[in-house]
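We call the chains A, B, C, D, E and F, going by the order they appear; numbering starts again at 1 in every chain.
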Amino acid sequence: MPNKVKDAWAQGRAVVNGWLAIPNGYSAEVMAQAGFDSLTVDMQHGVQDYLSAVSCFQGMQPHGVTPMVRVPWNEPGIIGKVLDAGAMGVICPMVNTAEQAQQLVSACRYPPEGTRSFGPIRAGIYGEAGSYFETANRDIAVIPMIETKQALDNLEAILDVPGIDGIYVGPSDLGLSLGMAPKLDREEPEILKIYERLLKECGKRDIAVGLHNASGAYAKKMIGMGFKLTTILNDSGLMLQGAKAQIAALRG
Amino acid sequence: MPNKVKDAWAQGRAVVNGWLAIPNGYSAEVMAQAGFDSLTVDMQHGVQDYLSAVSCFQGMQPHGVTPMVRVPWNEPGIIGKVLDAGAMGVICPMVNTAEQAQQLVSACRYPPEGTRSFGPIRAGIYGEAGSYFETANRDIAVIPMIETKQALDNLEAILDVPGIDGIYVGPSDLGLSLGMAPKLDREEPEILKIYERLLKECGKRDIAVGLHNASGAYAKKMIGMGFKLTTILNDSGLMLQGAKAQIAALRG
Amino acid sequence: MPNKVKDAWAQGRAVVNGWLAIPNGYSAEVMAQAGFDSLTVDMQHGVQDYLSAVSCFQGMQPHGVTPMVRVPWNEPGIIGKVLDAGAMGVICPMVNTAEQAQQLVSACRYPPEGTRSFGPIRAGIYGEAGSYFETANRDIAVIPMIETKQALDNLEAILDVPGIDGIYVGPSDLGLSLGMAPKLDREEPEILKIYERLLKECGKRDIAVGLHNASGAYAKKMIGMGFKLTTILNDSGLMLQGAKAQIAALRG
Amino acid sequence: MPNKVKDAWAQGRAVVNGWLAIPNGYSAEVMAQAGFDSLTVDMQHGVQDYLSAVSCFQGMQPHGVTPMVRVPWNEPGIIGKVLDAGAMGVICPMVNTAEQAQQLVSACRYPPEGTRSFGPIRAGIYGEAGSYFETANRDIAVIPMIETKQALDNLEAILDVPGIDGIYVGPSDLGLSLGMAPKLDREEPEILKIYERLLKECGKRDIAVGLHNASGAYAKKMIGMGFKLTTILNDSGLMLQGAKAQIAALRG
Amino acid sequence: MPNKVKDAWAQGRAVVNGWLAIPNGYSAEVMAQAGFDSLTVDMQHGVQDYLSAVSCFQGMQPHGVTPMVRVPWNEPGIIGKVLDAGAMGVICPMVNTAEQAQQLVSACRYPPEGTRSFGPIRAGIYGEAGSYFETANRDIAVIPMIETKQALDNLEAILDVPGIDGIYVGPSDLGLSLGMAPKLDREEPEILKIYERLLKECGKRDIAVGLHNASGAYAKKMIGMGFKLTTILNDSGLMLQGAKAQIAALRG
Amino acid sequence: MPNKVKDAWAQGRAVVNGWLAIPNGYSAEVMAQAGFDSLTVDMQHGVQDYLSAVSCFQGMQPHGVTPMVRVPWNEPGIIGKVLDAGAMGVICPMVNTAEQAQQLVSACRYPPEGTRSFGPIRAGIYGEAGSYFETANRDIAVIPMIETKQALDNLEAILDVPGIDGIYVGPSDLGLSLGMAPKLDREEPEILKIYERLLKECGKRDIAVGLHNASGAYAKKMIGMGFKLTTILNDSGLMLQGAKAQIAALRG
C-alpha cells in the first residue's frame, strides 16, 4: 500500500487531507470518495476511539486514500494499536520537547530505529505477504504537532530528532499558548511569522509542514506559502456547513 | 413535546426536514443544530437500524427538532418500535393501496383508532408524566409515500383513509415506476402534472404533501408550488457536497 | 440446559420472570443475579434488537436463569433468529386468532411439528453435543399474548392450537382494547373476570397463564389466583424506582 | 464491481463461497483473504444483523470477493436494505412456492422487472458514477433456497419464475422436511436422487445450483456432480475446527 | 449550560449525584429522570469507555442534569477527551501528591491556567456559539479523589494547588490503604475523624467535599456533617437492589 | 471461580491458552468450546478494546475457561479496568526493568501488596458474595512479557520482584530486539539458549514461563522443554488457516 502523503512529499507536492470526527465506517467511506489524498481519524478531539478508527480504516481502504490517525496523546500503547490497525501516518498532539519527539519516533518504528512491538494485525494485510515489516519503518509518516510556546522554544532540538517526517500545526492551541483566542485561518502577523520560521527550519531538514484550516481558500494560500499538508475542517463541520448553506438557499 | 411538523401544517407553513443516513448519535446532533425543523432517520435506504435510530433520537432531542423515521417497510413490528422510541412522525415507503394505507394508520394509532400496542419506552418521557398516551394519536404524523403508478391509480382511495396527515413523494421511485430514470429535482412536465394532482387532491382533504429534493433552491420552488415538507439530500450527501466544494476551492 | 419455566409448570409452580429493556450484556448479568427464574428480553417495547438480545443472553447464561424473548411481532424471521440465539421461550404479542397462533407454533418447532429452519448457532451449544435438536421441540416454551378483545373472542380456538405451552397477558393493551386506560396491576372487576376465564380455559388444557405486573405485591396476589408466570416491571423501571427511593430517603 | 459469482456461472465454472456468522468487520476481512470467490453474510442462522452485514461488506470490499447475503426471511424490507448496502447476491431461505419465488425476484429487481425501491446508499459507490442503476438488475444474483418437500413438489413452477439465477440447497432443512435428521454432507440415496433432479431441472433453465457443505472434500465431489456454488461450514466453524486440530496436535 | 454542581457549591448547598456503570445511553436517560442534580459516568470501575460516556451524555442532556466523569486514571489524553465530549466535572482517582493534583488541574484548564488542548467537539454546543471557551475554565469542576494514606499525608499541599473545586472520597480505597476492609457507609471512628479533617481543611479553602455512599440514609447524615456531593451506589446497584426487593415482596 | 492457570502451575502442569483478536463475544464463546484451559484477550495487537474484552469475557464465562488479558501497555488505568472486568491473569508487554515489573505488580494487587483500587464491577460476581476481595491477590496471575535485550539484561532483577507468577515470551519482539526477523516457532540456537536461561532462572523462583507459538506441534515440543503456558496463533489466524485448508482440499 503506497503512502500518498510521503510520496507527495518526496515529489515536493502538497497533500489535501480530510479529518474524521464521526465514529462510523460509512461516513468514512463517503469522505473517502470526496477527493482527499489522505484521511486522518481524529482520536484527540474527534468523537473517536480505537475501534471506531478501525471501522473508519475499513471504510476508506477500497478508495485508495492514505489512512492516518491523530492519537489522543503521546502514549506508546495507543500509538502501537493504531499502527497495527493500519495507520500510515501518526499525528501526535502537544510535542513540546526533543525528548517527547524522541518517544514518539520510538513508538512508531521497529528496532533498531525504535521500540515498536511487532504484531501488525490489520497493517500486515497491506501489500504482499511479509512485506509490511520490511517497509513499515520507511513508509509510516511520523508527525509531531508543534502548537505551543514551549515547542517553539525547543523547535530546533525537536526537528533534529531523527525520524520525523513532518510536523503539524494546530492554530487554535498555538494561539492559546501565546495568549490569543483559539481559532483557525489566522492572519495575525506574529502567527504568520511563526509559520515562516517553521517552514524555514523544516525546509532545512527536509521535513514537511502541515496545517489545520477552516476553508479551502485559506488552505490554498497556505500551500502557496509552502505548507505540504492541509486539512479543511472535519467531516461533521463540512456536513454542518453544507446543511446550513442549503437551508439558507431554501429559506433565503 | 410539540410536533413542529404538525404545528407548521396546522398553520399552513412548510417544514424543512433533514435526512439521516449515518448511523450515529453524534452526527445526528450536529445535523440537529443546522436549522432543520425536523430530522428523519432513514431506515429504508439509509445505513440505519433500530438502535442507531434510538441513538440519533438521543442526539437530536436537546436541540428541539422533531424526530421522525422513514421505516424500512409497512410492517407493524418496526413501526411500533420506532414510535415507542419517540418518533413523532412515520414516513412509510411504497404505500400503493388503501388497504396498505389503512394498515399503516392502524399500526401508528392506539385503539380505538388503530391497533398500536402500548409501551412507549422512550416516547413516554416526553412531556408530563402520563400525558403521552393522551396526546400520541393526535400528535404523531402518519405519512405514506406515494411513489408508484399503482399508488397514483389508487390515489383518492388512499387519501380517503382516515388518519393520514401527509404524503411523501419519492421522485426516483416515482420516475422508475413510470419508465423514467431515477433522479431528484425533476422537471419533466408529466411529473410536475402529477405533483399538481397530488397537491390538489391532498389540499381537498387537508393533507400535507412532502417531497425529497437534491437542493435548497429546488425545494424553495416546490414550497412555492404548495409542498409542505421538503427534505434536502441527507447528512452524508451534504457532507460529500461540502467536502468536494472545499477541495475544489483548494485545488481550483 | 434445563428450561426452568417449563420445569416449574410441569411441577405446578409459578415462575418469577424479569424483563430486560436495557440493550446491554452487563445490565443483563446484574439482573441475572437478582433471583429471577427467567429473564425475558423485550424486543417489542424494550430498547432491544437482535444483537442486543444475544448480548443479554451471553450475560445471563452463567447465572442459570432461563433466557426468553418477547419478539417484536409474529414474524418467522425474527422468531427463528432468537431461538437460534438460545431463547428457551418465545412470548409473542398480539396473537388474536387461531391462525396466528398456529403460525407462531409453526415458527417455533422443527418439522414435523412446525417449519422452523435448522441452524441453532448459539442454542446448539446448550447441553451435550447434538442433543439440542432432539430436545428443542419439547423444551422451548411457546407463549402467545392474549391482550385484545379479538383474542378473547377467539380464545378457545387459540388455546386449542396444539403446541401452546402458556399464554401471557398484557394488561395495558387488554385495557386499551376494551376502552379502558393502559395500566398494570388492574383491579377492575371486568378485568379480573377475564383473568378468571383465562385461568379456567387454560387450566382445562394444561396451559400456564402469565401476567405483566408493576409490583411484587400484586404479582404475589396473582400467583395466589393461579397465574404461573409473573413479571415485575423491567430493568430500567426497577432502577428508576430504586433511584427515586434513595433520593427520597436522602432529601426527605 | 464485477460479480464473480455470475461471471463464473456464465463461464460454467463453480464458485467457492465462504459463510460469515461472526458479526464483525475484522473477521470478515480475514475471511476475505483466504481465497474464496464470494462471502455470504448469514443473516438467518448467523449472529448477524443489518449493521453487522454492512461492517462485513466494508471489511471484504478491498479484497475483491463478491459480497452476498442470506436474508433472514423473504421480506422486501430487509432484501432492499442488504442490496442497498451492496450485496451482489441474495440467498433467500424457505422459498416453497412460485408465488414466493416471484416475490423474491420482485424485491431484488428495479422496475419494470420488479418493485425494488431506488436508493443504493453503499451499492451506488461501486463502479463509475451512475452506472449502478444500469447494471444492478443484470448483475445481482437472485438465489432462492430449495430445502423443503413443498418446494420439491413445486419445483418446476418455482424454477420457471423469470429472474432466478441460481438455487441453494440447505441439506439440514431438506432432510428435516423429509423426516431425516438435520446434517450436512449427506450420502443417503434419496437425497442424492433429489440433487440429481435439481441439477437436471436447473440445467434445462440455465440456473446454477448451490449447496452448503461441511468439508472441502465433499464440496469437491459435489462440484464434480454439477453444483456451481459450494460453501464450506462458516467462519466460526472453521475457527473451531482449526483450534481443535491444533490443540489435538499439542495434547496428542 | 449551567453547572448545577458548582452553582450549588457557590450557594452552600449539597449536590445529589448519580453514578453510571451501565454503558448505555438509554439507561443514562432513565437515571437522568430520577431527580439527581448530576450524573457521573464511572470510567474507572464502571463498565464504561469513552464512546459509552458520549452515549450517556447524549442520553442525559435533555433532562438538565450536569454531566461528569470519573476518569480511569490521571492521564491527560482521556481527561481532554471527556471534557471535549461535554463533561462539566472531572473526578480523578488516586491523587496522592500535589504534583499529581497539579497535573490534573493542568489537563482540565485552557492556558494560561493549564495546558488543555482546544477542540470541544461536543462541549462547544453548550450555550451560545463561541461562549464555551470563555466559560470553560470557570465552569468545569476539578475534583481529585483523596483515598489513600499517602494523600492524607500530603493533604494540605494537594489542597493548596490552585484550581481544585472539590475533592471526592472513596471509602473502600481509603479503608484498604489504612488496613481495613473495603466498604461504604463506614462508621469507624478513625474514618470519621479523617472525614472531619477533610471537611475542615477543605472548608478553609472553599473546596467542597464529596463522598460515595451505599444508601440515601447514610448520605443524608453525611450532608449534615458537611459533605457537599453525595453519590448513592450506581445504576446497576440500584437496579439490583430494586429487583431483589420486589422479588422478596413476591416470594416472602 | 478457580484460576485454571495458577492451579495447573501449582501442580506443575502446562496450560494451553487461546488468543482472541476478534472483538466479539460470539467468536469468544466458540473459542471457549475448543478445549483451551484459558483464553487471553489481546488488547495490544488484537482488534480489541476494553468493552470488546468485556464481551469476550461474557462469552467465555459459562464454558469454564480462565479469562486473561494482554493489556496494551503497562498503565495502571487499563490494568485496573480489565481486572475489575474479571481478568484472572494480566500479560503485560515490554517489561524491561525491575521498576516496570514492580509497577505492574502494584497495579494488579490490592494493598498492602499493591495499589489496585477497589471496585470489581464484574469480577465481584465470581464465587460467593464478598469472597473476591479475599482471594484476588492470591488468585490473579501477574505475567510480564520478557521480549527485549534490555529485559534479558535485567532478567534476575525483574524476576526477583515479589508477586510475579509467570513470564511470557514474545518471539517476534525478542528476535527484533536482537537484530533478527520477527517470527514465531524459532529454532535459532541463540534463541533456544535464551529460552533455557529463562526456564532456569524462573525455575529457581517458582515462576512459570509462557510462549507464543504458531502451531500445536511446536508448542508441544516447548512444553517438553519446560514451558508452562503455550498459546497457538489466535482466533483469526486459526480461522484463516482452517479456511485455506478446506479451500485447498476443494480446489486441489
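Rule of thumb we're sticking to: a residue touches a chain if its C-beta (ideal position, glycine included) is under 8 Å from a C-beta of that chain, and two chains touch if they have at least 3 such contacts.
Bear in mind the structure is a predicted one, so any value in this text is a computation, not a measurement.
Listed by label, the chains that touch subunit C and also subunit E are B, F. C-beta contact counts were set side by side for D-F and A-E; D-F has more.
Work out the mean CA point of subunit B and of subunit F, and you get 53 Å between them.
If you average the Cα atoms of subunit B and of subunit E, the two centres end up 42 Å apart.
Inter-chain centre distance (subunit B to subunit C, centres taken as mean C-alpha positions): 34 Å.
Among all residues of subunit C, those that touch two or more other chains are 21, 23, 26, 33, 47, 49, 54, 75, 78, 122, 236. Viewed as a contact network, the protein chains fit none of the simple shapes, being neither a path, a ring, a star nor fully connected. Every pair of chains that touch is listed here: A-B, A-D, A-E, A-F, B-C, B-D, B-E, C-D, C-E, C-F, D-F, E-F. Residues of subunit C that touch subunit E in their complex: 16, 18, 21-24, 26-27, 30-31, 33-36, 47, 215-217, 219-220, 223, 230, 232-233, 235-236, 238-251. Per the touch definition, subunit F reaches subunit A in the complex via residues 21, 23, 44-47, 49, 52, 71-73, 75, 78, 93-94, 147-148, 170, 172-173, 176-177, 179, 181-182, 236. Subunit D contributes residues 49-51, 54, 75-78, 80-81, 84-85, 110-112, 115, 117-122, 133 to its touches with subunit B in the complex. Chain contact summary for the complex, subunit E toward subunit B: residues 25-26, 29, 33, 54-55, 58-59, 61-62, 121-122, 125.
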